[in-house]
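Both of the next two complexes hold chain A, though its partner changes from chain B to chain C.
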Partner chain A sequence: MQFNKPKDLNELLENLSISQKKNYFLAGGTDINVQIKKEFIKDGNFYYINEIDELNGIKRKNEKVHVGALTTYRELLESDTISEHFPFLQRSLTNFASPLLTTMATIGGNIANGSPTNDVTPPLLVLDAELELISVAGIRNVSLTSFFTGYKKSLLKKDEIIKGVVLSIQAENGYETLYKKVGARKTLTIAKVALAGLKKIKEGKIDEIKLAVGSLNEYPRRLDKLEEYLNNIMIRDINKNTIDEILSKEITPISDLRSDKEYRYRVCLNLILSFLGINH
Partner chain B sequence: MGSVRKFDSKPKINGSWKFLDDYQSEDMIYGNIIYSKCHHGIIKDIHFPNDFNISEFTFVYAKDIPGENIVPEPVSDQLFLAVNEVFHYGQPIIGVAHPNKVTLTNFIKKIKIDYEELPAIIDIKECLDNEKNHFGREITIDHRTRDEIQNSWIRHHNVYYMPHQEQAYLEPQGVIAEYDKQDGIIFVRITAQCPYYVKSGVESMMGSAVNDVVIETSEGIGGAFGGKEDFPSLLAGICSLLSYKSGKPVKIVLDREDDIKITTKRHPARIEIESYTDPATKKIEKIDIDYRLDAGAYQTLSPVVLARGVLHTAGGYGFPDSFIRGRLFRSNTPPNGAFRGFGAPQGFAAMEAHIDGIAAEMDITTIELRKANIFNNGDEFPTTQKVTEENLIDCFNKVLEISDYQKKLKSYAQWNKNHKDKKGIGVSLGFHGGGFTGNGEKTLNSEIKVVLEKNAEVKIFVANTDMGQGAHTTLAQMFCEAIDHPFEKTKVQLPNTSKTPNSGPTVASRTIYIIGNLLKQLALELKKKYKFDKLESYIIEHNSEFPLELRKNYIQPTSVFFDEESYRGIAYKDYSWAACVNEIYFHADTYQIELIESWNVLDIGRVVNEQIALGQAEGGILQGLAYGLSEFFYKPGFGRMSGFTDYTLPTTLDIPKIVIEFIHTDSVTAKGLGEIPMDFPAPALRNAFLNATGIIIDEYPLTPEVIYKTIKEQK
Partner chain C sequence: MMNFKEVKHSIPKVDGKGLLTGAHAYTNDLASDNALIIKLLRSPHAFAKIKSIGTKQASNVEGVECILTYKDVPRIPITRAGQGYPEPSPKDKFILDYYVRYIGDEVAIVAATNEKAASDAIKLIEVEYEVLKPVLDFEKAEGNETVIHPESEIYSMFPIGLDAKNNIACSYIDTMIVGDIEKTLKESDFVVSERYYTHAQQQTAMEPHTSSAFIDVQGRLNIFSSTQNPYHTRRIIGEALNKPLRDIRVYKPRIGGGFGAKQQIHNDLFSAIVTLKTGKPSKCFYTRKEVNESTFTRHQMRIDVQLGADKNGNLKAFDMQVLSNTGAYGEHSLTTFMVAGSKLLPMYNKAVALRFEGKVVYTNKCSAGAFRGYGAIQANFAVESAIDELAAKMNIDPVELRLKNCIKEGETSPVFRVMGEGGEGIAQIMDSCKLDHCIKRGKKLIKWKEKFPSTQVSSNKIRSVGAAIAMQGSGIPLLDMGSAVLKLNDDGFFNLLVGATDIGTGSDTVLSQIAAEAIGVPVDRIVITSSDTDTTPYDVGAYASSTTFVSGNAARKAGLNMRVKLIDEAARVLQAVHKDDIVFEDCTFKLKNTDQSITLKDLSEGLYYKYGADMKQLIASGSNTSPKSPPPFMAGFVEIEVDTETGKIDILDYVGVVDCGTPINPNLAKIQVEGGILQGIGMAMFEDVRYSESGQMLTNNLMKYKIPNRKDVKKLTVEFAESYDPAGPYGAKSVGEIGIDTPLAAVANAIYNATGVRIRKLPITPESVLIGINKLKS
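What follows is the complex of A and B.
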């Protein structure tokens, strides 16, 4: 294990471009320290990035808000910009973790860690968030929906780091919203099921709906097929069985010490039906 | 005197008091246990990693034990260190020490042990459902008075399962042993409840190799809840042997993961109840209880838990005809041990659920049924002990009143008709016997010592530990209050087996009830003998007679006799009483129970320090709520948990509003308090869920997964 403390973003990117080993970024340390202790990570190059200013801060540019990767959850919860434009996102993070963790954990770290249960991704997915990835070759933007490619796998290249999350100012404007994290306790818990949703309903018809789930697949994802079925449908025409059928193909919950796959599936279905206002 | 400030508040807040891991000395080395990762097997080979300098390590094996390889317990069947065969995951095989803690940890991680695996039982139901797994002494309480069952009586029969529970003390298990070669003395510093248990543990381990063993606790003990009753004896034994062999002070502090994996838990239980109720009188005429505990691989102190369990499981009801059978069952898991309640929470979880089950089956209210059967003056326990007071009825009536039970019951039934989510309210009640079971206090013959100094300072010497529960403050208060002595002029000696006499273990809700009342008696006797108005003035006037040392032993009244064979007689001299009402909100989409409010009325007799008593009650209620709601340690197919990420202790956000009221506080005796708050919240929660949904669940805890499964199976 090698520990590095680059003085700025350029030095970090230079280091990454020549690194021979797997790179790990130490920011809040809330995930990575656990993984080192449990020996999931045994070797690699570690970069302490907490003092790299270019990765920090919440900034508004025209119709976009840029949230630096190092932004902590405490900062998100206290930010006026977030409160003004993304109250739904802010509410979603209320019981994210203990005050200690919230103060240390960063949005970039939470996404990069790629856990299937990570809490911030489902609400960001329905907000159509983009990620800015940076390397010596420059910046590229990818949509969060395409970022994850498998269990703890993503589009992030070996020499890249997440620079920030980009949100459109209108992302949650005019929608009815839902965020539900179901865990074994109200906070300090790993989600058994997480569901985020945005909807616009006009005269009994779904104008637009966006749904994203966590803890139910190898990575948090949008429910594309279900959205496809639900968009532009009259609520009274919605068939519960069709939802069930589509959902069963879009989520693959597992049983573990924390919960059972049957329970996870059913709760996800119940939450979706309730969000749509369908009796069940 | 009321709520005086605890002795330990200030030094704990300013950090001046040491917890076990805070003690350091220059030549101290670090020890740990190499334990079995096999549930049952023969040890074939042990491979040490070859990239360490083995000569830097100290190892102790079973063969190195100079005394006996047996941990002293009520049934001494557990080994300090395994010999050839291991009987459970977590069984210690080798003690090891090294000057560097990190090196030690890395070394232990790389050790490989080969086993020839043998059949093992780790599943709770597999253990408890199979009568072949029974071991140890069977207890029966036979109070059968009738032969015939009348046709009109309604039979209700059910099996209830209760899970493990982890004590989750803040400070993990830890010990420092220091062998003084010159004098042949082992000095042990430990975070533990029972210094004299630890002493006999180390003496068993060391035999005649040492001249003396002295145990002293750390200044701060970061919680115990029963978890530091017997396991410390095992840990101290191994640590002492490491110090003896290395010639250095050795410190062992268990990592949280090891602590959770290998130390004792509350016993999982299977309780089967069959009852017959007369529909005309609503009187339960006959009851038969089969009470089983999963003891783990060894019996250790489980027979004592079993004894308390069978003596409590029939609940606070005057059954004219009862039969109770109690048995321990063997599994290949670490021995289960003490945890606040000690067999009683399991018993009440089953019995109080059963009462609501009967009411549901007969379509009468649980209140009617309880009122028809609750202990009245003159009723008998299954042991034939007479009930001599109606304080349980008072607790019950009071809790119904302060929770506004009847009104809520009606309004929620109405609300539930129009809502998918459900509201519910549930009740439970019962008792907890103070002090050791049966003739236990007689055998203990606890001794206390008080020294009156020339400056009128009172020094109290008892072996009972203050693990955060405020025992030392309350004990001092009891002495002072009896003779109106200023509290500031009192000190309590840190428990040390060479200084404090054996006043027994800090368990069984006995510290205030037995030792506190003994201190009070001593103070009153002193006053009577020297005929003083104020002790302080007396000491000034008769200064040459001081310092004065006084001792007193607890003498069990001759009226208290318990027949350990037939289980008849006075099982406990004094009982504390309690009743609990819990209100819940059931979320239909997620199958989650949300706790809304918990009302608890307790009769613990005189309340010495109200603030401390409220703290004790609140903590116990919380542990009880979580026992019913979320805590489990083992899941079939997925094994046992290893940390707090999965083991679901509630957080502050999960805690409902808790209302506590003490009644009959003008009584003379301060009775047991430590355990009773834990006994009733779980069944009251379960009964509230039944009230909300009409769904019967007989398995604790009521996790959303269990609820979903039950609903699905009912459809």
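What follows is the complex of A and C.
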């Protein structure tokens, strides 16, 4: 293991471009320190990035808000910009981890860690968040919906780092919102099921709906097929069985120590039906 | 009501501020900086025989000082239970053995100058195992082809029904029988006959088990240990290592919680033997993984309950058949099992036919041991669920059914005489029992009349209430003994030396208050020391809800004796004709009808420095054992909200009304009850010890093993009944365990009242509630 402390973003990117080993970024350390301690990670180049200013801060630029990768959950919870434009996002973070963890954990680190149970990804997915990825070759923007490619796998290249998360300031404007995390206890818990949703309903018709789930697939994802079915449908015309049928193809819950697949599926279905105002 | 000056007052814990500000106070703080670090090689197999074990490579690791296998340690069968003597648990454990009986069982002890060397060496020990087929299902243990304890040395100190060849650690049949159970059940108008399962639970003390040892200047083995009972620890170490007790000292510093987990001795065996072998100080501190996997859990139980009642709601027949799982070793196997009967059967003393029987079996899982609630909590879930099931059949209010049939003040039960802990019991009458008040008061506090059974509050939320009642004990009659010594110092303060073991419970504070009350001085005149086998007198230790009642009476006796001695001395100094003429108030002795007086401070200085031939050290002692164990009682009421969308249960309020006699320190007593309720809620709804199919414990850290946190329970309401037990110190009974018993059944009953779903298998999970709801729908 090699430990590096680059002095700025350029030095970091240079280092990444020539690194022979797997690169790890030490920001809040809430995931990576555990993985090192448990010997899941035994070798690699470690970069301490907490003092790299370019990765920090919540900034508004025109119609976008740029949330630096090093932004902690505490900062998100206390940010005026976030509370002004993204109250739903802020609300969904309130029962997230412990005060110790929220003070240390960063949004970039959490996304990069790629856990299927990651709490912040479902709400970001329905907000159509984009990620800014940066390397010596420059910056590229990818949508969060396409970022994950498998269990703990993503589009992030070996020499890249997440620079920040970009949100449109209109992202949750005018929507009814839902974020539900079902865990073993109220806080300090890993989700058994998580559902985030935005909807606009006009005169009994779904104008627009966005749904994203966590803990139900190899990575948090949008329910594209279900959204396709639900968009522009009259609520009274919604067929519960159709939802069930589509959902059964879009989520692949598993049984593990935390819960079992039948429960996860049922609760996900119940939560979606409730969000649509349909009895289950 | 009695007027007390020191007891029944909520003073802060004597050690509270120091602990909160990080004082060096725990075993790991006090261990020598150059202590060898001990690590254990643990079994990867649920059941195996060690064919060969090689330590050569491991011993070459720099810093390694000592590696011990079963070949290097005495082969003396012991029990680690840490109970009274003769021990009621089977002698089925060696320090190390060539059999390993669960995943996590000890294979070898490694001591090195640093933690890394010890951990590295562990990995280099070469063990060849003959892997054997384990028994993981406790319902299949009896008579299984796998015999978990085939060793010839296993024995019990008196008959407990040990049958190792059939994997039975102990059994209890044909003894606890009153009346004709079968006939009475047949004649009953209403009968409930159901099977309930309770699961294992982790004690989850904040401080992991820690032990440290060194040899002192007299060549004696000193052990600093996070133990609940230093004297039992000394006795067991002496037995296991074949050493005279005079060569062993066990000292308990501050303890970060026990809950029963530290009643058993554990890594003391390893620190002791390493220090004896090397002559060097050593310490062994467990990781959370070791605490969870390799110490002790609560006994898992299967309980068959039969209740019979006549049509007027009189309970006539009460039968319990229990199967308990003690895991790999039999610590507390018989006694937790018997408590399941002895703390439940007497509570419904109107029943004319009673029976309680069962067996405790070995399995290849983590050993079960002592845990707050100790059998009573398991039985409480079964019986208090069954009472509600009976009430539902009879279509009457379950709280009224309890009120009608529960034990009342001045009454008794034949069970007290028949069943003790491990043997026969002692008859006793309930000189204090405010259970009926607790029920009525709790009912009012939770607003039962308005809320029972349930209210639909939104399309997917139902609120409901549920109840359960409980009794526990106050120590074990004529088995538990505690003692205290008081010593007067110049400046007029007292050392209070007790063997009682404050494990975070606040007993140092409570015992100081009792001693102060007895002497007649303010509590700040008392400086307490607990506990050290060299310097403090004997006490069984902190278990069985014994400290306030058993040790408290010892502190009281010592205080009263000291008061007599003080008055004797004051009478001499003040030249009183009669001792009765001395009045002792406000730390001053006054001679009645005169203006002569002497302060306690002056008297104490005179006794040390000024009284010539009359100079002396005033010392008073008291020891106490009791033929009674007056039970504390509690009525628990819960209000929950069920989410029918997710099956999740929210605890909105938990009301506990408790009769513990006089609460010596109401605030500390309240904390005990609140902590108990929360731990009971944890067992009911959050905590579950789970294993893989091969017997690997999966819930071996606090990420996977969830205990409830502050946000999970919205409100706790604890109230004490006005009660006074004449056998207790200033009317006190004990309060350490009673809080934990009721939540399991109360929550299960509330879920039934909300949804009609009856949960008979713990823990209650959202999964099981949702499945139940869906089943009822279809």
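We take it that the second predicted complex is superposed on the first by the 280 of 280 C-alpha atoms of A that agree within 3 Å, B and C clash if a C-alpha of one lies under 4 Å from a C-alpha of the other, contacts with A are read in each partner's own complex, and residues count from 1 in each chain.
The criterion applied here is as follows: contacts are C-beta pairs under 8 Å (C-beta built on N, C-alpha and C of every residue); 3 or more make two chains touch, one makes a residue touch a chain.
The structure displayed is predicted, hence computed values, not measured ones.
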Notebook entry, point to check: Once chain A from each complex is brought into register, does chain C clash with chain B or fit beside it?
Noted result: clash
Note to self: On the A-aligned overlay, A:Ser83 touches which partner chain: chain B = first, chain C = second, or both, or neither?
What the structure shows: neither
Margin query: A:Ser135 in the overlay: touching chain B, chain C, both, or neither? Say first, second, both or neither.
Written below: neither
Note to self: Quick check on the superposed pair: does A:Asn217 touch chain B, chain C, both, or neither? Answer first, second, both or neither.
What the structure shows: neither
Next item on the list: Name the residues of chain A shared by its contacts with chain B and its contacts with chain C.
Entry: 95, 182, 184-190, 193, 257, 259-260, 262-263, 266-267, 270-271, 274
Next item on the list: Enumerate the contact residues on chain A facing chain B in the complex.
Entry: 39, 95, 98, 180, 182, 184-190, 193, 255-260, 262-263, 266-267, 270-271, 274
Next item on the list: Would you mind writing out the residues of chain B in touch with chain A in their complex?
Entry: 109, 588-592, 630, 635, 637-639, 641, 645-646, 648-651, 653-654, 703-705, 708-709, 712
Check: What residues of chain A sit close enough to touch chain C in their complex?
Finding: 95, 182, 184-190, 193, 257, 259-260, 262-263, 266-267, 270-271, 274, 279-280
Checklist line | Interfacial residue positions of chain C with respect to chain A in the complex | finding: 459-460, 645-648, 686, 690, 698-699, 703-704, 706, 708-709, 711-712, 766-767, 770-771, 774
